[in-house]
Amino acid sequence: MSDDSDLMSEIPDPVPEPSPSLFAAPPMAEQERMVEAILFACAEPLSLAQISARLPQGCDAAEALGHLRSRYTGRGVNLERVGDAYALRTAPDLGWLMQNERVETRKLSRAAIETLAIVAYHQPVTRAEIEEIRGVAVSRGTIDQLLELDWIRLGRRRMTPGRPVTFVVTEEFLDHFGLESARDLPGLKELREAGLLDSRPLPGQAVLEDDEAGDGPSRGQSELFED
Amino acid sequence: MADDWDTLETVSARREAEALIVDVAGFEGPLDLLLTLSRTQKVDLRRISVLHLAEQYLVFVEQARALRIELAADYLVMAAWLAYLKSRLLLPPEPGEEGPTGEELAAHLAWQLERLQAMREASARLMGRDQKGRDFFARGAPTALAVSRKLTYEASLLDLMRAYARLRTRDEFRPYAFDRSDIYPYEAALERLLSLVPGASDWTALQAYLPEGWRGAPARKRSAIASTFAATLELAKQGQIELRQSDTFAPLQLRRRPGHGGGDE
Amino acid sequence: MSDDSDLMSEIPDPVPEPSPSLFAAPPMAEQERMVEAILFACAEPLSLAQISARLPQGCDAAEALGHLRSRYTGRGVNLERVGDAYALRTAPDLGWLMQNERVETRKLSRAAIETLAIVAYHQPVTRAEIEEIRGVAVSRGTIDQLLELDWIRLGRRRMTPGRPVTFVVTEEFLDHFGLESARDLPGLKELREAGLLDSRPLPGQAVLEDDEAGDGPSRGQSELFED
């Protein structure tokens, strides 16, 4: 991952400002220490860009992260990837030692849990689609509760009549459930292959929903597999 | 085959349907009920007999009517649709008839059930994962850092949306939690009962559990009774409490299930 | 990193050792992981006794701490002794990485959040329009604060008498609030469905709401995407 420095050196420096060539970047071992300190100090995941912004010029945060990750492999604390960000987290097998730190969370209703799962697996998904899958109206407050937990957020509006808002899961959701990305949701591939993430209109209503199908959940989730 | 179904319907299916009716408040809509009914067929959802399922559902609705249990409108809409589906499945299609075949509609329903089941399993698996703050932990004493600004202002999207909602309903705006002054929410009833259950070692009438201020005006009382009743069904289902009724329309009584400490699990 | 493995190999295997408890204590490497996780997750420094109390029977917290201390020597994070207690701390020489990060967080004032909401929903919007919606004058400081936060910026001048300046929200705003575009903000109808708003329609607002429900936030929004 030396793209950053390559990119920098290709750009002609217009002003005699501190350029990467002026000061040599610190040795990689030192960069690794810095990244370690930065991640250690922060409870929230930090993106590559956020980490880079705090390092001296010419540092390669990605490479330092790679070293750090293998250094922490198998230890009591691990370097985890959360979406596009990174965080240090205690190893899951040691959770029982941390009784005192345990945060009691409000017990979620079955409706809230299912709504969350539907957003995660079908994202981006509209409220109407959630209701169609569950076969019941989403009660007031369920969406509100998930927004408040910062587990779901608004996605793009669907480009269909009415332009309904959609919901997607957040980085906090990934962090909370120890997922690197939404692609790592358990059983996602199997569900997709079984056609259970498609949006299939009721036979006879195909014309009405045709629009939707083009930009629907099925497309959203399959996008996840394209790269 | 047909004979098998018939015997099943006359004996065990009917009994099951009756058991289900008592539990009607525990279902999250007609699709959820259908999914539960489908389990009695003891086959993979992909090989389910939708015709039989439709019949089971219609039996359920009939039984509910016989017992004078009012079903929510969406249960009746589903019943009407299943009756239609049943006729499409049983009768040969009219020549030149438009629209999807009964088989197509049945396949769609089976797929919907399979999808709901899949999401149920997915949510169970999701909640079964290691969770932050329970199984793994973030740094306990983070150094204050975020953006390199000395002073940052915090505002969430929710704050923003609430502010806008407040503006657009200026003067009339009240926090939504207090909107429906004569409706006692199910969640509140459940929460209240949960807190009272540990002390409920003796049989006590359901009415005694109504909250203060909800025992007078008929509309408010009705709402409180309905929510509290629904909550008792949920707790009975969870095995936390026991319910009894000496006779039809006799007062409903409840108590903590003996030996149950009142804990969550 | 070779010192690590040397260190480990020097430690005798604890299995054959007769332990005082019924069960053999975990291997020292495992004890070290445990102490590492505990110190990482704990908000305060812990004494030897406190650490021992959290470990399984038969563990040697002092020895585990010793191993942990040498493991972290020279790294970005160090094991430090604080009085009678122990804590993991950022290495003192890397303090500068954290320097500008002492951040004081304040809640945005009601005036500011309302003004921001109006800009987001009605952009491009003039100051007079903001005042009309809020029903009170908008202080200069409020606008300045939002400009300074880089959440709003100046848009095009309105082609009306006086050619007043307009305000629009920034990329930074979208980033902060986790939005993909200002168009994704929910309309009144959607706010209501999410339980954020009284569900009863208010007298005299019916027309406005219909507008809203049909095509997202407001007429102003479409202008935003014309250029």
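By written order: A, B and C. Residues from 1 in each chain.
Throughout what follows, a residue touches a chain if its C-beta (ideal position, glycine included) is under 8 Å from a C-beta of that chain, and two chains touch if they have at least 3 such contacts.
Because the structure is predicted, anything quoted here is derived from the model rather than measured.
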item: Most centrally placed chain - per-chain CA mean versus overall CA mean; value: A
item: Taking each chain's C-alpha mean as its centre, the one farthest from subunit A; value: B
item: Centroid spacing, where centroids are CA-atom means, of subunit A and subunit C in whole angstrom; value: 14
item: Subunit A and subunit B, separation of their C-alpha mean positions in angstrom; value: 31
item: Intercentroid distance (Cα basis), subunit C paired with subunit B, Å; value: 34
item: Of all residues in subunit A, the ones touching two or more other chains; value: 40-41, 54, 88, 90-91, 94, 98, 101, 140-141, 144, 147, 153-154
item: Touching two or more other chains - residues of subunit B; value: 137-140, 143, 145-146, 148, 157-158, 176
item: Contact footprint of subunit C on subunit A as seen in their complex; value: 32-38, 40-41, 54, 71, 74-77, 88, 90-91, 94, 97-101, 127, 140-141, 143-144, 147, 153-157, 162-165, 170
item: Of all residues in subunit B, those that touch subunit A in their complex; value: 28-32, 34, 74, 99-101, 104-105, 108, 111-112, 114-116, 118-123, 125-127, 129-140, 142-143, 145-146, 148, 157-158, 176, 187, 264
item: Residue numbers on subunit A that touch subunit B, as the complex places them; value: 40-44, 54, 87-92, 94-95, 98, 101-103, 105, 107, 109-111, 113-114, 116-118, 120-121, 133-137, 140-141, 144, 147-148, 153-154, 175-179, 185-187, 191, 194-196, 200, 202-204
item: Residue numbers on subunit C that touch subunit A, as the complex places them; value: 1, 32-38, 40-43, 54-55, 75-77, 88, 90-91, 94, 97-98, 101, 178-181, 183-186, 190, 193-196, 199, 213-216
item: Interface residues, subunit B side, partner subunit C - complex; value: 137-141, 143-170, 172-174, 176, 179
